[in-house]
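Look at the two complexes coming up: chain A is in both, with chain B in one and chain C in the other.
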Partner chain A sequence: MTDQEKIAMLEETWELDEGTLTADTVLADVDEYDSMAKLSLIVLMDDEFGVKLTGDVIKGFETVADILKLMENA
Partner chain B sequence: MYNLIDLTDRRILVVGASSGIGKKTAITLSNLGAKLVLVAIDEEQVMQALTELSGDGHAAYYADVSKLDAIEGLIKGIVEKHGPLDGMVYSAGLGTALPLMQSKPEKVLNTFNVNFFGFFEMVRQVARKGRFNPGLRIVGVSSCASLRGDKSKSIYSSSKSAMDSAVRCMAKELAEKEICINTVAPAMTATELYAKFVEKYGEDSDTNRELTSRQYLGIAQTQDIANAIAFLISPAARFITGITMPVDGGLTTC
Partner chain C sequence: MVFSNYEGIRIACIAASVPEGRVDIAAMADDPNEDPKFVKSFIKKTGIAGKHKCGMDQTAADFSYTAAKQIEAAGKYTPEEIGVLINVTQNPDYRTPSTALVLHKRLGLSKSCLAFDVNLGCSGFVYGVSLAAGMLMASDAKKALVLVGDTLARSRKGLGVDQRSSNTTLLFGDASSATLLEKDDASRLTSALMSDGTGHKALSTPYNAWKHPVGPESIPSDDIAVFNFTINEVPALVEEYLTKLGAEIDGYDDLVLHQANMMIIKNIAKRVGMPMEKVPVSLDRFGNTSGASVPLTIVDKYGSCDENKEVRLLTSGYGVGLSWGVMEVTINTKDILPLTYGKDRYDDDYPDE
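Coming up: the complex of A and B.
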């Protein structure tokens, strides 16, 4: 799966318009990145990548690239 | 001294007995004299729970209550071996928290299988002629979530509401057999689920502060819930049926 496909997956999960996110997007700048979006991310990572995210790991995410990296390693 | 909640030699099935509210309930009922049959999905944990009971004559089985077709055989086997039941507590449950958009049908079904369909089928099988003694009492562990709404709780809340609604109907139908059935609706209780909540939001977080301000008696202990169940499963509660009893530190009153 390419980075672009993974980004599209995040956009779909968070119901963002296509092209909203890039690898460099700072998560704190995304208004929609709230507690529900984080919960959605936990489910996405578990369902699609078999990764169990903890609160600490999520707190450590600064940009979209940090999430992509974890998807890559899955 | 008069003991209001005397369960001496009453045979009570506790489903979901390996941890949290179910396990504390089992221990409490055994302290009150009941002979227990524990059922849980995890063999090691249910065997551990068995060792923590007071008195003797208890038994433990491991079974997955979401396998609905297997429940009839399980109950039949338990009654054949241990005799008819005087009570059943259903405490098996999944604390699902999922955003609506990710609540796909298989996830809804998965939670409903454990939280509701398992309960429903257990009641159906336990309430069959020959499987219970006169005055059988059933208590399901519901949740305050069935009475309140919150983000990510659509599946969980509706599964618990389903329990409560079913109980209101079952109570009327089962009254002919002199069976009483109720649910308890605990608020946030100090279980593994709450530990995860604190881990996620932090003890000093606004979310936790907001919760404890509404649930103004604080976070419930599993013993608080077990005590309410002990009362409802006892003959002392003989005139109570078809209700959902909040055990909620004030949560649903404000």
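Coming up: the complex of A and C.
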């Protein structure tokens, strides 16, 4: 799966327009990245990549690239 | 899990009651004191567009009383038949005694009846019914009443009414339920219960009790920990319980889940393999009603059903504790009473300071 495909999955999960995110996007700057978005990220990572995210791991995410890295490891 | 098998016990009747006062969350988007974007986003994400909230002159016990009296009025029990009264609540009338004793008086029950409160939240229905079933099976009591009710929407001191809404203030609705258990040789009840005290801080109101006598009314919950707990532990327990029973999820008419929020409901349903058509939802109109949400959802779906048919429901409650459980409920739809809007109030003659 390419980074672009992974980013598209994140955009779909958070209901963002296509092209909103890049690997460098700072999550704190994304209005839609709220508590519920974090829950939908947990589901995406578990269902699609078999990765169980804890609160501490999510707190450590600064950019979209940090999430993409975990998708790579799956 | 702790698996329990209560031979000769059945659920004879279920009733639920909510306050008349309705909060239209959708309409809040037009309120100049609210943030419309936040309100719309809340509704979309949680699925909660309305709820019922009581005033300062009513407590959870009033709605539990209304629901219990409805079962009595339906001819399902007489006060002297009740030998077990369990009141599950996080919002007791008093610090002491147990509100169950106040309800014992109000319901006119006999002295040959044990009565006490249990402090549990969203797992309260499964726990309360399981406890009562065990006590009924082991005793010479004829019938048991399990009351489960909270008023998490109503603030304790009447504060916060002018504050802008937040996730917590919008999420919860007020409701109570009453469930009647009786002996029946041809029936049995089973349950699976679990606890994890390492999660006691995930959902907690630590202040204004004995360890921290003074402090804020509430503290933020650890939403991620709670979410991970529900979507992992609940499906695992459902699977273990079904295996123990030798049952399949397809064999149930409905999966009745605690109405936490839509995301949790959908994810648990997906993970246990139940299609959403067989997962009734009441939170869109009643919010998250804590321990009463499972019986309220049953009443919401079947309370006005004219058919005389037996339904087999798989129920699950999960939340504060952390505490969770699963229980099969087999009941005739005529024994599920229509929803009531509680008007009862209790004047205890204590002066307010």
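Keep in mind that, in the parts below, the second predicted complex is superposed on the first by the 74 of 74 C-alpha atoms of A that agree within 3 Å, B and C clash if a C-alpha of one lies under 4 Å from a C-alpha of the other, contacts with A are read in each partner's own complex, and residues count from 1 in each chain.
By our rule, a residue touches a chain if its C-beta (ideal position, glycine included) is under 8 Å from a C-beta of that chain, and two chains touch if they have at least 3 such contacts.
Model, not experiment: these values are computed from the prediction.
Once chain A of one complex is fitted onto chain A of the other, the partner contacts of A:55 extend to both chain B and chain C. Contacts of A:39 after superposition on the shared chain: both chain B and chain C are touched. In the superposed model, A:28 makes contact with neither chain B nor chain C. The intersection of chain A residues touching chain B with those touching chain C, taken from the two complexes, comprises 35-36, 39-40, 43, 54-55.
By the touch criterion stated above, chain A contacts chain B in their complex at residues 13, 15, 35-36, 39-40, 43-44, 47, 54-55. Of all residues in chain C, only 41, 45-46, 167, 222-225, 227-228, 231-232, 263, 267 touch chain A in the complex they form. Chain A contributes residues 34-36, 38-40, 42-43, 46, 52-55, 58 to its touches with chain C in the complex.
Remark: chain B residues 97-99, 101-102, 151-152, 199-200, 207 touch chain A in the complex.
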